[in-house]
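In order of appearance the chains are A, B and C, and numbering begins at 1 in each one.
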Amino acid sequence: MSAPTRPEPGPERDAGPPAEILGGGSAGPRLRERWTALPARHRRLAAAGAGLAALAVLGAYALATRPGPAPPAAVPYPIHSTEFSFLGIDPPEAGDSGFDARLTATSKTGASLEGVTQGYSGLKLSVHPALPLRLPADQPTRVTVRFKVVRCTGLPLNAGLPSLHVTLRNTRAIQDYSSIPGGTYAAELSRALRTICEPAAEAAPGA
Amino acid sequence: MRHRSLLILTTAVTAGALTLSACGSRDDDGEDGGGGGGTTVVIGLDAPLTGDLSALGIGIENSAELAVKTANENEEVEGVTFELEALDDVAQAQQGQQNATKLVGNEDVMGVVGPLNSDVGQSMQKVFADADLVQVSPANTNPALTQGENWQSGDKDRPFDTYFRTSTTDAIQGPFAAQYLYNEEKLTKVFVIDDKKTYGAGLAGTFAKEFKNLGGKVVGTDHVNPDDKDFSAVATKVKNSGADFVYYGGEYPAGAPLAAQVKETGAKIPTVGGDALFSGEYISLAKKNAEGDIASAVGAPLEQLDTAKQFIKNYEAAGYKDAYEAYGGYSYDSTWAIIQAVKAVVEENDGELPGDTDEARLAITEAMQGVSFEGVTGSVAFDEYGDTTNKQLSLYQVQDGKHVPLTSGEFEG
Amino acid sequence: MNDLPQQLANGLLLGALYGLIAIGYTMVYGIVQLLNFAHGEIFMIGGFGALTMWLWMPDGTNLAVALPLMILMAVACSVLVAVGAERFAYRPLRGAPRLAPLITAIGLSIALQQAIWAWYPDATKARPFPEFTGSRIELGSVSIQRGDLYLLIAAPVCMIALGFFVSKTRSGRAMQATSQDPDTAKLMGINTDRIIVMAFAIGGAFAAIAAIAHGLRYGNVDFRMGFIAGLKAFTAAVLGGIGNIYGAMIGGIVLGVAEAMATAYVGNIPGMEQFGGGSWKDVWAFVLLILVLLLRPQGLLGERVSDRA
C-alpha cells in the first residue's frame, strides 16, 4: 500500500494537540489557487458569466413567482349591489281604484329585475316597463309600479314599513328580498289607500 | 404603649397601601404616546364578556381584536400601532358607565367599540360625549340612541355627536318581522312578551304597533323577569290565549327557556324575536323546542358577502375558541371605522396624531362622520344621526338545529 | 279560569322544588340558628355534579338509566360541600357573635358561585342539562312534563323518609333533642357535633335532589341558579315556620302556588291589570309572606327553634 503524499506516521505517535486544519477540508486552498492561476482575461470573463447567470436565475424566479393577474372581483349578490329610490306616488284620481308609485332602480354591476310583488292580499300590482327589466350597470332606471285596490277589507291603511318583494338576477345569483322604500313611501302609500278605501268606509253605516 | 405601636403600624400600612395604589394608577396614564414615530393608539372595547350574553360579547371582542391585528400587520396607519383594551360590562348599565369613565381616563384611548346592550349604551353615551371620545356600537338597536327620545313621532334629534353605530335599529327590525309574519306566514294572532329592558321593550313595542297596523291581533301581553327560569305560568297563559305565535322582546338566556316552555305546554307555536335571539346559544338552550323559531338579525346573511367570507376565513385562521356570533362582522367594521378615522386624522396632520389627547379625540370624532369603506357587512358609512347607511336585515328560522336565512330586506331610506 | 288546574299544577311543582331546598335552610337554622346563605350554592353544585356525571356517561345512554348515577353524584357533591362548609367555615365560629357566621355564609355563597364560574368548563353561560323527551303526560285537564314525574315522586318520598328518620330513628330523635336544647342533649350523651354534621348533610342531599329536578324541568344549569332559588327557598322556610321541616315543604308549596296564581290571575282582577303577569309575581309572593308573618309571626306551622337564652 502506497501512501503517496504523506509520510508514514512514526510508531510512537504522541496524541499531541489536535492538528489544526487551515482552510476547509482537503479541497481547501485549491479553488483559490486555481482562481489566481487563471489569466486575468479569463477571470473577467468568468466573473461576467457568473454574474449573468445569477441575474438569469433571479429573473426567472421573479417571473415565475409574480402575482398572477388579480382574479376578477366576484360580482356581489343583487341585494348588495342594487338600490331602489322612491320618487313618489301619484295620488289616485277620484273614482279610480289604482295609483302609481315611481321608483328608480340602480344596479352597480348590472342586473335584471325579474319580479315585483307585495304582500297585501287586497292589492294587485303590475310593473311598467314590462318585466324582466334589464338594469344596466350604474344607470338609474325608472320603474313605475301600478297598484290596484281589489279589496279594501284587510288592507292596512297605516302600515309603518310596507315593502316590495323584488326578484333580481345577476351573474352571481337570483335573489328575492324585500325592498323597503324609505322616505315617504309608507306615508304616501297609506294616504293613497285611504283615499280609495276610506270614502267607502265613511259611506257605509256604522264604523 | 401597645396602642401607640399599633397606631404607628396601622398608619404605616395604610400610607404604604395608598402610595402603592397611587403608583399603580399613575402608570396607567403615564405613557403619553407623544408625537413622532411609533405611537400607540388604544381602541377600547366594552361588551359583556362574562355572564349570560358572553357568547355574543366574546364574539365582539374577538372580532375587534382581529381587526386590530390586521391593521397592525398591514400597517394600515403608518407610524401607529393599535391596541385593544377590552372591558367587561356584564350587561349592566352601571358597570358600563364605570368602564366608560376608565376608558376616558386612559389618554391613549382614541375610540371605543361597544357596547352590546342598548341600556348600557345609554349610560355610556354622555361620558364619552363629554370627553369627545368617539364610540361606535356594533349592536345597539334602540332608535333613541341616535335619533332622540321623540324619534317615533318623527321628531328626530341626534343627542350625541360622538355616538355611531354599524347596526340597524329596532325601528326597522320590529316592523320588518311584523310584515313578514302577517303577510307571508299569514299568522294573525300574537302574544307579545318582553323583559322590560330598554332593548326588549322597545323592540316588542315597534313590532306590536306595526302588527296592529297591518290588521293583526295582539291577543295578550306579558312581561317576564329575565333572571327567572320558570315561565310555566306565562306559557300556560299563552296556550290558553290561542295565539298563532309568540313575539319575545328580549335576549336569549330567557328567550330560549321561554320558547321551550311555551312549546312544552302543548302549544306548537313558534317564538319570534329580535337579534338578541339570533345565537347558537339559543338553539343549544332550547334544544329541539327551538325548531321553527324565528329571529331577525341586522344585516344580510354574512355568507352572501364576499368581504364577509374573507373575515370568516381570517377569524377561523386566528383560532378563536368561540364563534363570532351575530355581531362579529359589525364589531370588525366598527373597529375598522375607528382605524379609518385615525388614518384620516393622521394623514391630514402630517403623518402623526395631534399630541394633545383631547384635540386628537375631537379630530377623530369629526373624521368618523366622513368614514366610508367596504367592510365585512357591506358598505360602511354613517348618516347625520350616526346611524349606518347600510340598512339590511334578515330573518332566520331554526331548521334542523341551525339558523337558516328565511328572507332579507333592505331599507332604502 | 279554565286553566286553574294547570296553573295549580305548575305552582305545585314549582313549590315542591322550593320546599326541597327549604328543608336544608330550616334544618340548619333549627339546630344551630345559622342562616346558611351558601345553601343555594350547595343546590347549584349538586346540579353541576349531576351534569358532570351525565357528561361522563357514554353517548346515547338512556336518561332513565343514568338518572340514579346522576342522583348519587349530585348528592355526593352537595353533601361534600355542605359538610365541608360546616367543618371549615362554620364550626370554628361556634362561639362567635351571631353576625360572624352570617357574614361567612354570605362570603361562602359568593365564593362558591365564582369558583364554579371560574373553574367549571364553560360555566360562564348556562349549560344544557339532559331532559326527558316525549310528549307531555295528560292527567285530566292537567298536563305535566315527563321530567316533572321525577319531582312528583322524589318530593313525597323524601319527606316521608325524613319524617320517619326524625321521629323513629335514634339519630333523628337525637336531632330533635339537639334542636330543642343542645346543652342538655350534650349532657345526655348525644354527640351534638355529629348531629350538626348530619343536619347539613341531609340538607345538602335534598338540595341535590332538587337540583336534578330543576335541571330536568328547565333543561339547563347555570352558576347563578342557586341565588334566586335559594332566596325563594329561604322565604318558603320562613313562611312555613323556620326550623319546622314540614313547614318548609308547606311553605314552599304555598309560595309556588302563590307565584303561579299571581302570574295568571291578578291581571284579571278589574283595576289591577298592570299588576299582573310575570314581572309582578315576585312582588305578590313577598306580599303574601309579609301578610302571613304579620298575622302569624311564627310562620304557618310554627317555629321549632331551640331556646337559646
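The working rule: a contact is a pair of C-beta atoms (placed from the backbone, for glycine too) under 8 Å apart; a residue touches a chain by one contact, two chains touch by 3 or more.
Fair warning: this is a prediction, and the values are worked out from it, not measured in the lab.
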{"item": "Distance in touch steps, counted as few as possible, from chain A out to chain C", "value": "2"}
{"item": "Farthest chain relative to chain B (centres taken as mean CA coordinates)", "value": "C"}
{"item": "Inter-chain centre distance, chain A versus chain C - centres from mean C-alpha coordinates, in Å", "value": "59"}
{"item": "Chain centre separation in whole Å, for chain B relative to chain A (CA means)", "value": "27"}
{"item": "Inter-chain centre distance, chain B versus chain C - centres from mean C-alpha coordinates, in Å", "value": "37"}
{"item": "Where chain C touches two or more other chains, by residue", "value": "none"}
{"item": "Touch list for chain B against partner chain A, complex", "value": "172, 175-176, 178-180, 182-184, 206, 209-210, 213-215, 300, 304-306, 378, 392, 407-413"}
{"item": "List of chain A residues in touch with chain B within their complex", "value": "73-74, 76-77, 79-80, 83-86, 118-120, 154-156, 158-163, 175-183, 185"}
{"item": "Interfacial residue positions of chain B with respect to chain C in the complex", "value": "50-52, 54-55, 193, 196, 221-225, 227-234, 236-237, 239-240, 253, 257, 260-261, 264-266, 281, 284-288"}
{"item": "Chain B-facing residues of chain C, complex", "value": "2-3, 6-7, 10-11, 13-14, 117, 124-126, 128, 131, 133, 136, 143, 145, 214, 217-220, 224-225, 228, 259-260, 263-264, 277-279, 281-282"}
